[in-house]
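Two complexes, one shared chain (subunit A), two partners (subunit B, subunit C).
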Partner chain A sequence: MDTDNDNSLDRTDDFDNGDGKPEKMFTLKKWNAVAMWSWDVECDVCAICRVQVMDACLRCQSDNKRDVLGKQDCVVVWGECNHSFHFCCMSLWVKQNNRCPLCQQEWCVQRMGK
Partner chain B sequence: MFKRSFEEVWPEMGPIVEKLLKQEDVSPKEWQQLFYGVHSVCMWDDKGPSKIFDWLKKDIVTFIKQAQRIVQSQIGEQALLTTYIVEWRKFFIQSNYLPLPFRQMESSLSGKHNSSNSLNSSSGTHSKKNGTASEDSIVRKTMLDSWNEHIFKDIKDRLQESAMKIVHAERNGEAYDSQLVIGVRESYVNLSSNLEDKLAIYKEHFEAAYLKATAAFYSLKANEQQQMFGVQAFIKYADAKLREEESRAKRYLEPSSYQALTACCVKVLVEDHLNTILAECSPLIKSYETERLNLMFRLLDRVQGGVDPMLRDLEEHIISAGLADMLAASDIITHDSEKYVERLLELFNRFSALVRNAFNDDPRFLTSRDKAFKTVVNDTTVFKLDLPTAVVNRGIKSTAPESKCPELLANYCDMLLRRTPLSKRLTSEEIDSRLRDVLLVLKYVNNKDVFMKYHKVHLTRRLILGTSADSEKEEDIVEWLREVGMPADYVNRLARMFQDIKVSDDLNSQFKTQTARHDAINIKILNAGAWGRCSERVSVSLPIELEDYIPEIEDFYKKKHSGRKLQWYHHMSNGTISFVNNAGRFDLDVTTFQMAVLFAWNQRPLEKVSYENLRLATELPDTELRRTLWSLIASAKVKKQILLMEPNCNSPKDFTENTLFYINQEFAVIKNGKPQTRGKLNLVGRLQLSTEKSQQEDNQSIVELRILRTQEAIIKIMKHRKRMNNADLQVISFKIKKYIKNRFVSGQAELITILKNMFFPSRKMIKEQLEWLIEKNHLRRDENDINTFYYVA
Partner chain C sequence: MSTPARRRLMRDFKRLQEDPPTGVSGAPTDNNIMIWNAVIFGPHDTPFEDGTFKLTIEFTEEYPNKPPTVRFVSKVFHPNVYADGGICLDILQNRWSPTYDVSAILTSIQSLLSDPNPNSPANSTAAQLYKENRREYEKRVKACVEQSFID
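Up next is the complex of A and B:
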């Protein structure tokens, strides 16, 4: 970007040796902030399917290899006991046994991941 | 109709028969007379048929004896042969006509002679018999048998010899009469009285003699040719003669003999000289003499196992030439991924052309090429890659060095997919074809998991910094990797990354509309599972300008999602700052770490700040701070640096607590040798995604996955076999490798996968894992034989 012709203009708002009320030497123009999200769980692995909770559960992975990408439906569910599992895995589990597979307390959904 | 006895009829018939045999004119009336005579004798005289037959036979023999005298009286081979052929032709033609009037006699004879036979054959084979009536004729058989007995038997050796002499003359390019040879062959075939195998006599005598003569001729000639003109010329000679003999055989031999003749020629012309010919192979390959190789290939392919040594020669050549080439260029290619990949491809194309032109893309040679190329690609002499891991685990003591090839391939991919001078220079099609080339080479790489690791790191960088040249191509290559058989979980994770970027874009625009003032901020909130579970977070104390945004973003995100926690990856984030000094105003693209360091001077623009104070201000870990400072002090891209130091150090390692740093107030962007007052500069360089520790963790995860796969394979196989002896280890290793290959392509069998194995378990690794599995009681060692293992259920 050539700016030879606005030399005179620059002088006025240039940084002036630190006394007076200066413009700061460095100012932020743009910031690309990066963060990672993960489920707020105590154990990374779903005890039912043995897959990391951050990944889709085993069923979802094998059912529709390609389609998994489109949707992120395989969410996590927390019970009152604070144990967490893939929602898919847990909903199958409770059909047989309405207890937490880890602590055997009665299963009661505390919250769902979103 | 009146009764006539044989005695009355024969005097009339005899002369006509004689005329027929001599091929003299027979009038229609005489011809009819024969039929009539035979008919009346057969009708009225019980003994008639046999009498006719006896007399007929007598006449035939008399005629043959005359012919024999004519033939025998000839002097000289040629004359004998010629006369014989003339007489034989005449006789042979007549053998088709003479039997006709005697049909009735034949049928009454055969009815008497072998009634049982006629009963058998009357029903089933009747129709067939009609078709070949003349061939079955007793009269004809008698004629031919008599000929055989009275002439042929005596002179057949001479005839055969003469015929071979003619063939010999023909082979020498002298004048010849091929009809004579054909005549002799026909005599042999037609004179056979053996109905089961009409070619028996021919085979026993003529074919055998022909083959013998051929073998004798060429075994002599072959040596002569070699001595006179050398092996090269001989190969050409052999090829030409083989084809010549094949076409000659079509003239002189029955079709059933072609194969034997070819085999005979191949034996004398090729097989007997196999070693001499093969000795030429290696030099020819080295000088890429495709035409001669092609000739040799066609020749040797006729011999069982003949091309095997050629395969070995090719393989050796590719390995040694390939490695020599890589070694010679090692200075350039170890640093320049582009040159390296181009070099590899050039080698590959050269060898492929050789296989195509010299060996017609024969599958056996293609396999050899692949095998050899694999060795070249995975060779570790030019450069190697270690996968150092921090922790010793599961019995693995150390990992063997591996080829660096996958890393360089991934780098090359990055150059094509990122906005670089290279990718700008190429058209979209050119880039596509080069990416395909990468996949082609990748097929030969043993440690593909390493490629995937580097590819992902590069992709992360491109997506975070938004430096992709073409986002469509990015997604294309992910699909190609899938098609080519890369494990689904790897590929899905890559695809998930693209998904995440799109989700983040939406999120970002929502964030901007909800909190109207933040034009300066751009957020990417990514799925930790897909982007790098193991990369380590680095703490930093952010400048206040940035810090302010954090709670706002987190609040915003919490409203949109629940059950999620956020971790800031400041080592990935970056931005643009404007920098004002004496020289002018400049826009700098920097990492967040660089920002943290530079903003420390905002309170004290002209001060010199010690390393220790910067550390306190930024709270960056030692290695990160050193690296960040160095990137501002010694950026390779700029003539004037932003940061200056005191005293001067040669490397970031030399910084001490007291090393002082200060902002270069004379900094300016230099363009065409002149300092500018405005300008933009990118100081991000290669975004540092990984720390030393996280790299170790990455390597660790590769090694760990390999170990798991190996164990999985061992257990699966042992579960099936129950018991294994150490002697089987070779077999087992093979199975394990196969299992690992198949595991990765399972479910995609319909795709002919080229990327079969993600890694190649070494024998050592397999042994180590066996030990580990024994330790963990999955396997048991036999008490008496340490080399035998059992599966423990």
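Up next is the complex of A and C:
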């Protein structure tokens, strides 16, 4: 918040300056806009391995897998139910039960990526 | 050696310490993070009240894709607890989800103590008494609560 508001109140004792126009009570001197952001995912932690989905999953961290750019290549997968997990974590789970671990709906991949 | 299962169990332990659920506690054994000891306190307003029931939890390297084996070490007279301490609970078998952690397992077992399911009995005497003779059921449960102080 801007606290420098000594002059923000342009008030005179007499509202009518004599020319018939009422004096402005306030003048906007400063306007601070605040923007908020968050990752565009419903849950930011993979509920299977409990690591942030934007970080590499526990398995990739311990295998220390890297792609050609030297970055950890561990992508996020979103289901039709909008729940997101690490692709690595989810691909192991769906082998034994093709349901979303969070809502138990049948698991259908909606999209994949970072 | 740190495997994904062991790393996940470290996270489970951290969460259990930072955000401990009431009436349960657990920790890995000194030299093996794959074997845990836990205690569940008997829930209030149930015949299990005041009991301190000890359990062991054994994980495999497939955790959290496979559930751990959970067993009561203390004697527990309950429709869904076998004589050897094994627990008949759907989330530990066919309804397991890899999103569960130690905290969720222990609180589920705690609520099983309050709400037995007498229709899939592991202890048929307990199930029958629970349905037909609640007074006798509570008497037998209170006996195992007292036993739990000595175990």
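By definition in this document, the second predicted complex is superposed on the first by the 67 of 114 C-alpha atoms of A that agree within 3 Å, B and C clash if a C-alpha of one lies under 4 Å from a C-alpha of the other, contacts with A are read in each partner's own complex, and residues count from 1 in each chain.
We adopt the following convention: a residue touches a chain if its C-beta (ideal position, glycine included) is under 8 Å from a C-beta of that chain, and two chains touch if they have at least 3 such contacts.
From a predicted model like this one, the values you see are computed outputs, not experimental measurements.
Undergrad: Could you figure out whether subunit B or subunit C reaches more residues of subunit A?
TA: Comparing subunit B with subunit C, the partner touching more subunit A residues is B.
Undergrad: If we overlay the two complexes on their shared chain A, which of subunit B and subunit C does A:Q52 touch? Say first, second, both or neither.
TA: In the superposition, A:Q52 touches subunit B alone.
Undergrad: Is A:P101 touching the first partner subunit B, the second partner subunit C, both, or neither of them?
TA: second
Undergrad: Just checking: does A:W93 make contact with subunit B only, subunit C only, both, or neither of them? Give me first, second, both or neither.
TA: In the superposition, A:W93 contacts subunit C only.
Undergrad: Mind working out whether A:N32 is in touch with subunit B, subunit C, both or neither, as first, second, both or neither?
TA: first
Undergrad: Would you sort A:Q61 into first (subunit B), second (subunit C), both or neither based on which partner it touches?
TA: A:Q61 contacts both subunit B and subunit C.
Undergrad: Given the touch rule stated above, what does A:W78 touch, subunit B (first), subunit C (second), both, or neither?
TA: Touch partner of A:W78: subunit B, not subunit C.
Undergrad: Do subunit B and subunit C land on any of the same subunit A residues, and which?
TA: The answer is residues 61 of subunit A.
Undergrad: Residues of subunit C touching subunit A in their complex?
TA: Within the complex, subunit C touches subunit A at residues 2-4, 7-8, 11, 15, 64-65, 97-99, 101.
Undergrad: If you look only at subunit A, which of its residues touch subunit B in the complex?
TA: Checking each residue of subunit A against subunit B gives 1-4, 6-7, 10, 13-15, 17-18, 22-40, 52, 54-55, 61, 65, 68-70, 72, 75-76, 78, 111-114.
Undergrad: Along subunit A, where are the residues that touch subunit C in the complex?
TA: Checking each residue of subunit A against subunit C gives 47-50, 57-59, 61-62, 89, 92-93, 96, 101-102, 104.
Undergrad: Quick check: in the complex, which residue numbers of subunit B touch subunit A?
TA: Within the complex, subunit B contacts subunit A at residues 464, 488-489, 492, 495-496, 499, 520-533, 543, 545-546, 549, 553, 557, 561-570, 572-582, 584-585, 587, 592, 595, 598-599, 601-602, 605-606, 663, 676-680, 747.
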